[in-house]
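Both of the next two complexes hold subunit A, though its partner changes from subunit B to subunit C.
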Partner chain A sequence: MTLAPENKTKKAKKLSMKARYEALTRGLDWEPSYVEKDEMFPHLDYEGIKIHDWAAWEDPFRLTIDAYCKYQAEKDKRLYAVLDGFAQGQGHLGLTDASYLNAMKIFIQGVTPLEYGAHRHFAYLARHFAGPGPRFAALCQSIDEIRHMQTEIHTLSNYNKYYSGFHNWPEEYDRVWYLSVPKSFFEDALSCGPFEFLIAVGFSFEYLLTNLLFVPFMSGSSFNGDLPTMTFGFSAQSDESRHMTLGLEAIKFLLEQDEANVPIVQGWIDKWFWRSYRVTALVAQMLDYMLPRKVMSWKESFELYFEEQMLGGLFEDLAFYGITPPRHVEDAIKEKEILSHQVYWTLYQFSFAAAFTTSAPSDEHMDWLSQAYPDTFDTHYRPLWEKEKKNIEAGGRHFAPGLPQLCQVCQVPMLFTEPGDATTFAQRESEFEGEIYHTCSNGCQWIFEREPEKYRQAWLPVHQIYQGNCGGPTVPEVLEWYGLQDGDAGEYIGSRDHRNWQAWQGEAAADTATPDETKAGA
Partner chain B sequence: MQEQTTADDPQTKGVRDVGVVIQESENNRPVIEAIEADNPGCSVMHSPGLVRITAPGRIVITQETVEEKLGREWETHEFQMAIVSYFGNIQEWDDDEIVIAWDH
Partner chain C sequence: MAVKSMGEYDFPSRSRQELYGDDQLVSVWFQDTMWFASPAMFRAPRAMTWADFRDQMFVPFAEEDPDYDPAAPRTWMLHGAPFEPRDDQTLAELGVRHKDVIGTRVAA
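Here is the complex of A and B:
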């Protein structure tokens, strides 16, 4: 014993990771003796999922409470050091342009509340799963998600001191039209059973599409001088790898437990792929239009993070269980060439009623778009912007009159075109109990018709405005009900943020931020 | 963009890539070096703030190599501080190594 080599003794005192994880998840669990197990876990049957052996769930991370607390504390420490330094050094003045923050406004308005929703629902799973392994993983994720919400608020609150659009996001999330896209998505998931929620959020949102959602965001913030958001992103994504693991473990566990689970899970993948994918439309336009310094195009990131990694990698793996790639995935692939352009063009026209601003792309920006989208930009979208440039020169920047029609399922304005035909608008109609419902795509129509009694209840912002539930019948009344203030909405050029930015940056910023418009009058 | 240095090796034909994305920072440089050393067939792609390492079929991160590059003790749990994302399945996360691979 005394002769043991030194390097062997250094870790000998501690149990191995495997033994510690076993002790936590198995050793601390118990069998109920004075209630039946299904009284203790009453929500596990009604979705039709069959679980025979909860002990078969293995968390590959083998995380224990001491390790969890130690590393989470370290992550927070690193993040808050960066936030303090940035605030003290007036770091916001080093951003590429104040217009960059439009992406962050959408983030805090539309994503931060989802973190809170995830926190609540993973706490529910941590109570209701019948196995200690998944319960503990869900508990960690629940704590992670509230940390994400809090650190996002802290990260972006510094900008709220200097810029518009950050001041009323929780209320905006509940009221504003474009924010009903992420809100209705997440509440759709929250109102599912525990297993469907796990496939919806843990698998479809966090494994299938997480890279597409967050990795470009982080590279974008890094590239545009936003050190706090980049650091927050790293901090949250390191948790996210654990959430991805939970999502993947969940799906494999369900598929391995009983063959009867396979068609149920396939239906959920089909539904939640399309639901999640529609939410990423907001990310697509952000990548291609809102970042002053571009990282990669939506098309490029879709090909890399979705087609290559998920279709080429993951779904080959899931084929082993009889799982096929999501229904309507072909439509999403066809859309990669046009998605961001169609979405941004819509947001551009309706930003008078939004808590962010928009602006027409400069010539240089359009050249980048041509090169990133050689098959579509010059044919379909450059002409729109050239025409808009003339409008602007004539002093008539275009805003859409009226309100857009929304898809009954994804709640995105009905702006999408037919798969493979960028010139014909797609409009689907379904009848249910004597009423007509409109959807934006094959995917949304299929989802509607699968559960019409659920989606007929959708709170569609435009319908609500017309019904008089949003402050009044006129645009100013609605905007007041949204809690918008001067400077939050509309055109970026000449906005409060833009004027402040120019004043702060002096002449140099004036040249880079307004290339066309200022020269046009000369 | 992706240089497949092992394309000629018949064993890796038809093998699907797995990958891991790591924050590019001074702290993580030794970890990235260790992964490159332990996975000779890997490809590395840089984008702002991030390093994406991919390899056919399998990526291994070993405690011994990381400790060597780092010059101090390192427990595999600490990899959580570096990882941003991955694709593949985490097959093993033990005291001495982390393995990312597809199951099927």
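Here is the complex of A and C:
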């Protein structure tokens, strides 16, 4: 059968972007007739959040799927062109030093899997929210997150051809001790209800702390010759600002819907600020210790991206709704002078069991740290590194000959000190149904005591090793179970990456020297 | 405040004492040095004597510190108070519970 051609003289009227958006999102919503609405959306009541009018959700961005795809495809084309050029031109040899990649190893091991987790859970929100506006926003974010995971893998996979530590990150994420920090954080959020997840990840992580997490990483890559990661960062940045807008819209929507939502949301902000902040400890040490060419100190970054932008800007706006700055934020501010030093000192002495390497800071590096931390570095941390220098000269290398006690909530080794006292380790003990649990800080103890039934199930790597669940009782057996290979762990100086780097830099120097020598000979 | 959940929410601790048989977890907190970045955790039999715990677990860990002096007398803390363990007392007899933290420093 042949259809008669339509009258071509009549041009179909094109809808405006806004009208198309309305038609493709809200226009596709329907009222259920076979089931009740709460049967269709069964997860929306139990957290106690009351939503009276889902239509009041103001769409922070009006994208349709076709517009989204076009836009993202263009960005991806640019990124992949950069990746190809970098790979073909042996761009990795232009990095400041192979040790820079330790930061990227932690990124792919600890952050990339979170993107995938976010992809999954925003897809869940896109199914379970009862309003088409937030459902569509969650759907777009879900697609963003899986793209981020994919582009991060493609961006960093080039380094896997030449360097250690990149080859087994998905399994390491599930097994290795320091990666249980981001993993347990995200799985805590995944096992919350839909509204708490939105505040946990959409607001506390994406809005409050995303600049602190992403901007230093991306500036760090640009400062250290890592063009692909920098390009990925730019590509992700526009998505991140959309996610931040979504996070902010989400919290305002919940607060405006019902006054009874305010204390529930405040509790989630208090909890998730601290949970997210503890994860950023890994970024703190990266900024101050892992980047061969420094961008800014953790302290400066914290002051700019958190204290100024969030405490100074955002929370002043949220006060209108009766929201106060996160509980325990003062403890975080006090820690900005000491956090990176304590965390790196820990990674340094436990890197024999990690998928990255560490090294003692050089004299020049220590001078930079003294300048950046005039009140704490020379008093507390330079003496430790000087002692380690002597230890190394005497043939030693400080590796802890055992396993650390871990915090039951954030799962970081109990390395943090009392607020305002950098020489006394903090120990908090709580008892629940006859068993004791230890936490690293006022923040983590408060979180534990709020929901002890949840945190007593924590899969703490050290405890699991001692239960015999991690390959065996000895360190080599555990490392094999982690999937580590020679060159992944330990000291950077003399490591496989370091030796290769020196050899390749020598070859590169010889290559550039050759034409001149030929000329001279001719 | 309890976990808000859609159904009953009651699961056992993933590090309860029974998972370690006759052993338990014990941490040692070095209170007068920052050399060790955090307290160290060990798995030790409840019937282990203090002398064995000290010599087989504590000392091999502690002596990695170049300033560790094996001859220096030490003070010990348990449950927030000083205690003076005798060599022949077991951890159980000393009242060291599963996951307890024992503090230590060189005696002044």
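As a convention for this text, the second predicted complex is superposed on the first by the 489 of 522 C-alpha atoms of A that agree within 3 Å, B and C clash if a C-alpha of one lies under 4 Å from a C-alpha of the other, contacts with A are read in each partner's own complex, and residues count from 1 in each chain.
Here is the rule we go by: a residue touches a chain if its C-beta (ideal position, glycine included) is under 8 Å from a C-beta of that chain, and two chains touch if they have at least 3 such contacts.
Quick caveat, the model's predicted, so the values are computed rather than measured.
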| item | value |
| --- | --- |
| Clash or fit, subunit B versus subunit C on superposed subunit A | fit |
| First, second, both or neither for A:371, with subunit B first and subunit C second | neither |
| Subunit B versus subunit C as contact partner of A:403, first or second or both or neither | second |
| Subunit B versus subunit C as contact partner of A:324, first or second or both or neither | neither |
| Partner chain in contact with A:16 - subunit B first, subunit C second, else both or neither | first |
| Touching partner for A:48 - first (subunit B), second (subunit C), both, neither | second |
| Which superposed partner A:342 touches (first subunit B, second subunit C, both, neither) | second |
| First, second, both or neither for A:454, with subunit B first and subunit C second | second |
| Minimum C-alpha separation between subunit B and subunit C after superposing on chain A, in Å | 31 |
| Contacting residues of subunit B [partner subunit A, same complex] | 16-19, 21, 23, 47-50, 73, 76-78, 80-95, 102-104 |
| List of subunit A residues in touch with subunit B within their complex | 10-11, 16-18, 60-63, 67, 70-71, 74-75, 210-211, 214-215, 218-220, 222-223, 230, 234, 237-238, 240-242, 244-245, 248, 252, 295-296, 308-310, 312-314, 316-317, 319-320 |
| Touching residues (chain side subunit A, partner subunit C) in the complex | 42-43, 46-48, 193, 342, 345-346, 348-350, 380, 384, 387, 390-391, 394, 396, 398-406, 413-415, 423-425, 427, 429, 435-438, 450-451, 453-454, 456-460, 462-463, 466-467 |
| Contacting residues of subunit C [partner subunit A, same complex] | 1-6, 9-17, 19-20, 25, 27, 29, 31, 34-43, 60-61, 64, 66-67, 97-101 |
